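Across the two complexes that follow, chain A remains constant while its partner is chain B and subsequently chain C.
So, the complex of A and B:
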């Protein structure tokens, strides 16, 4: 299930937060995550995020599901660190005349970077779990971004299932003509994607032309003072969350610059 | 006497400037639809990249993204090209499909920038020299952008990854160029090139 569907349902108080509050939290968490690999800091950040999930009554299954997708990435990071770091060698083998070493320090570093990836993934997941796409568009418009650009994300979310359906139709049509991409060697599949790419691009451009015409006929973007069905307002909670996030990022950054971390 | 055809960015309205490009409703909506087509086609590439190297050294995804982002920029100009490039990372983050997606905001945009930059030096962009030059520029720029990611985010020893970068670049130069040349010819024949 897509993360933003929870925001669409609006079942948590967190979905009433101003989108820029969540954006501030994401930026501050990113600053913290990138400034240090200290276990205490990363553990505290993880605890704060999980607390937000529990207090905000975010659905754990949906919110934590993307973490499964980062497992291969974390495995490769840890593997690369283990075999490439030169210090604290715990084992070594000769493979095809070349020495492969396993570093204890590299393994620990790999795990710390894994935690960093988890934190960043969780932060971004939270953003899209609680921010309603329409509110996101409104917040971007409030920041003086032209509506036609701000609206593009919502439009993309709206039409994504349609394009995926078109791709399935094209795939089935090509299968009927004897071209089954699912039977192609997975390693070579991307090189054989051209017979699907051409009709999909042509259909996309034709459909875009029709939709653009329909939008123009309904005076899309004709008036600069656009009205919105949804409203975004900053409350006391927004101010508190923003202040807490900025303070946490400043403390960690200060500690790193000062040499305490 | 022979005449040379002149096809410049943006192909969909060649009288417009390449930067910002065609930013009317048709340009924006077409860019969004090309981005959605790219998301659909990436299904055939991203899974393999994730399975092989966890997405650290994407090859299949890069081939498709270079083709589609290049096409979007060539058809509609720089700003719609950036829309084609940046819808995918936003959707990937919103649907929770990749932890590296936010970084693609920069790497994908660099491909649109490459197509626009290279396009300034060619009179006819529906040609082999242009698509090959674009592929080389975009592939090299991607490596340059990925090295800081690997160093600062993953603390990886980039000197030991040079063979991987070389492999990625070697694959990502010819294949997108061939795809792009084919797509541009089809699009020209289908009547999407205007003025």
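So, the complex of A and C:
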């Protein structure tokens, strides 16, 4: 939620970028990190993203906070690679009659994959921080995407926090009746969440029906020549950023195909 | 010529054995306010706004005519410029991220030019008392502000008739006061209002006529004073507190004057009674 609040308030020049510029940056960064695990390339990509964050005066706490959520995944990836890779064994232990090995190469590979995940998460976080959802909808419509599909992005952003609120309400209601999901072990907690999903899905379906009615009452999709209150403009900076992103992706892709990376 | 005309309106939901609305007929003049009580209120609202027969499955008979246009033949988008509906839960009506985005949404769908949208946005936000809050995120607004915002979103489409289905059901007393203050201003500007509301103290001073539906039929359709006098023995109808008090005293003291429906009228009636007793 806090992510796109920044975009709505327009406190940085970065929020005035054309949404498709940020989309291009995201696509190019994705191409780069999926092309290679070369530390230099990924390090340069990370440096470029952090430079964008500093120059664009994006709030570090808000922008980097989602990375905390992927830390368990990163730890898991590194651990799996470390104990499953067969080469460069630096240590081994006998646990319950089985040999557990610690691979130096696996550890490094795990860190590289972790860096890839961090880069992807960071790129997407930047996108949501900088891009105004309504402007993104407008930009998609400019690309001839039908409004009703383009608008679903904004609608999802609006109702995600609402659904989380509903989930908290249901959880509290169940806790009042003695159904506690917080004070159990993590595995049991996963199973205990499922019963909460039933009322949540029912509430979501009912709400979806009412929202559909509300949309129709406001003439949703009534005219093909729909107008937009928000404006999106492309400036010189947009052209420069797009060109730089595409060039970087092309160079890395070319280097990988050419066998230099 | 009435601005809204309902003729023999009957509606069957697919699974229902009996019609939910059964032969409803009434007319509404420009600037009039009609309060609706009883059963099938929401179904009536959906019929007035054209969601029945266009969106809600079921069998509709009879006719609803809005400013000379039948809801059967008109598209919902065409009706949206004539009649707008405010839903019970404003969370469902404010589906955009900011207040301004919600208010302009309907205008965008109707293809209103950007400059006109900006002007109308400013006007309606001023009208509902939310000026300067256009950039605020919808979910950060208070309950009363959200409901006023959903009214603003409908008003921006410039309908001549406003339908409100229990607009204060989820609001606290302050939020309820805010919404009714707004409705009084709108009525003073000549907006025709149909409201489903269970708070008699708020709705009685606002309504010109009151409609009671029983088993889908029109049981009572009368001005408030006459309405409360007619339904005085109906345990399902809540009265304004001052009316309740007056009716209780009327039986005990044999009062004969008109039934008060607002606090001011109650003070006058009871003041007259006090003076009369003081003289004796």
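A few remarks follow.
Here is the rule we use: the second predicted complex is superposed on the first by the 217 of 261 C-alpha atoms of A that agree within 3 Å, B and C clash if a C-alpha of one lies under 4 Å from a C-alpha of the other, contacts with A are read in each partner's own complex, and residues count from 1 in each chain.
Keep in mind that, in the parts below, contacts are C-beta pairs under 8 Å (C-beta built on N, C-alpha and C of every residue); 3 or more make two chains touch, one makes a residue touch a chain.
This structure is a prediction, so every number in the text was calculated from the model and none was measured.
Of the two partner chains, neither chain B nor chain C is touched by A:40.
By the touch criterion defined above, A:109 lies against chain B but remains apart from chain C after alignment on the C-alpha atoms of chain A.
Of the two partner chains, chain B is the only one touched by A:117; chain C is not. One of chain B and chain C touches more residues of chain A, and that partner is B.
In the superposed model, A:228 makes contact with chain C only, not with chain B.
Of the two partner chains, chain B is the only one that A:80 touches; chain C does not reach it.
In the superposition on chain A, A:258 makes contact with neither chain B nor chain C. Contact with chain B, but none with chain C, is seen for A:186 once the two complexes are overlaid on the shared chain. Once the two complexes are laid over each other on the shared chain, residue contacts for A:216 go to chain B and to chain C alike. When the two complexes are overlaid on their common chain A, residue A:97 makes contact with neither chain B nor chain C. According to the touch criterion, the shared surface of chain A, contacted by chain B in one complex and chain C in the other, consists of residues 4, 133, 155, 157, 159, 162, 207, 211-213, 215-216, 220-221.
Every residue of chain A that touches chain B in the complex is listed here, in rising order: 2-4, 34, 37, 65-66, 69-70, 72-77, 80-81, 84-85, 109, 113, 116-117, 120-121, 124-125, 127-128, 133, 148-149, 152-153, 155-157, 159-160, 162-164, 166-167, 181, 186-187, 189-191, 193-194, 196-198, 200-202, 204-205, 207-209, 211-213, 215-216, 220-221.
Of all the residues in chain A, the ones that touch chain C in their complex are 4-5, 8-9, 133-134, 154-155, 157-159, 161-162, 207, 210-223, 225-231.
Interface residues of chain B, counted against chain A in their complex, comprise 23-26, 28-37, 39-41, 43-45, 48, 50-51, 53-56, 59-60, 63-64, 67-68, 71, 75, 83, 87, 90-91, 93-102, 152-157, 160, 175, 179, 182-183, 186-187, 190, 192. Here chain C touches chain A in the complex through residues 49, 51, 54-55, 75-77, 80-81, 84-85, 87, 89, 91-93, 95-98, 100-101, 104-114, 117-118, 121, 135, 137-139, 153-154, 157, going by the rule given at the top.
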